[in-house]
Amino acid sequence: MYRIKLLALSFIFFSGLASAETVSKAIVIQGNGDKPQFERALKLASNMHEVLTTSKFEIVVFGPTVKLLTEDSDELPLIQKVQNEGIKIVACGRSMTTDQVKKTDLIAGVTVTAFGAVHIVNRQKQGWQYFRP
Amino acid sequence: MYRIKLLALSFIFFSGLASAETVSKAIVIQGNGDKPQFERALKLASNMHEVLTTSKFEIVVFGPTVKLLTEDSDELPLIQKVQNEGIKIVACGRSMTTDQVKKTDLIAGVTVTAFGAVHIVNRQKQGWQYFRP
Amino acid sequence: MYRIKLLALSFIFFSGLASAETVSKAIVIQGNGDKPQFERALKLASNMHEVLTTSKFEIVVFGPTVKLLTEDSDELPLIQKVQNEGIKIVACGRSMTTDQVKKTDLIAGVTVTAFGAVHIVNRQKQGWQYFRP
């Protein structure tokens, strides 16, 4: 009986550690700011991904910067390059409403989260690392 | 005897998890910057609080931005709105000395921490999420 | 036999806690930005170090700001003051390549990391607190 309890405890404990290890290999990058700053965020994520090949990356875009995520954006080539590397671009739904960007306007593959800042905080709670260029 | 040890261990372990869960429901928002940036921090905290209703929020204000925390500040209505929602505004004592803001000048309810940046770092150690708009 | 297992488990568990406690006493400060912002980062680290005397501090400098880390920099006196207090200045190797700053140009004691943003993310994974002035 004791043996069973011990095993159960070890299992919970070590699975906890294992999952922390997994989620710590993920980085969320804040993508708001002016155009040059947004470009820096995109290039930075791309460069970091080259080095940290097994990490997941998300660039969370909010504020007026969501206007740079539409199909007619000057940033289209760079955004597509970054997406092809497996980096996710996540747009803030609240900012899209404020700046009248529709979901159908967005570059293919860009996903929408209800609230960008809340998403960033939740990702930190899940063990993702936060970086603001 | 083994049984007692086992129980003691589980208790420590699970209480550890429980307390981590509690403190992770708290967010500290960095509130320095120019006037529009400070307003964005206030509005953002208010909007986040609408969604994360059970989380605690603190806006830590430092640098010359502490001058916007006085009773004659243009930001008074917005600060009071945010405070009424249960969001705490915390002013950096060092910045107040530098910018000659007295404790008696501050809007009612604004608290003072000795050193804003140290407070933010300590909050992170306690498991609060850090967000810089 | 049960006793041995129990002790082994406690050891792993408590050593985990102990090491988390140790690494949490370390702060990495992001040091990119314009000249006044970099000076603020240096002064902030120095002031924080006065209060958090047992914490380790690193200022990770990247982007064009690495040009302020050379022997002929206006920031030399402030950088040396900060270094004498035990605060480490870490330069981003990628930014140094981009901005043509050679390792031999750097102020004595400034160390180089291959990729500044990756270093910051790794420090967070190791339990360091992240602060961006």
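As written, the chain order gives the labels A, B and C, with residue 1 at the start of each chain.
The working rule: a contact is a pair of C-beta atoms (placed from the backbone, for glycine too) under 8 Å apart; a residue touches a chain by one contact, two chains touch by 3 or more.
What you are looking at is a predicted structure, and each value in this text was computed from that prediction instead of being measured.
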Q: For the Cα fit of chain A against chain B, please give the angle of the superposing rotation, nearest 5 degrees.
A: 120
Q) Do the two copies chain A and chain C share over half of their interface residue numbers, or under half; same or different? A) different
(Q) Using Cα averages as centroids, what's the distance between chain A and chain C in whole Å? (A) 24
Q: For chain A, jot down the residues that touch at least 2 other chains.
A: 2, 6, 9, 13, 130, 132
Q. Touching chain C in the complex: which residues of chain A?
A. 2-3, 6, 9-10, 13, 17, 24, 27, 40, 44, 47-48, 51-52, 129-133
**Q.** Interfacial residue positions of chain C with respect to chain A in the complex
**A.** 2, 5-6, 9, 12-13, 16, 30, 32, 63, 94, 114-115, 117-118, 120-121, 124-125, 130, 132
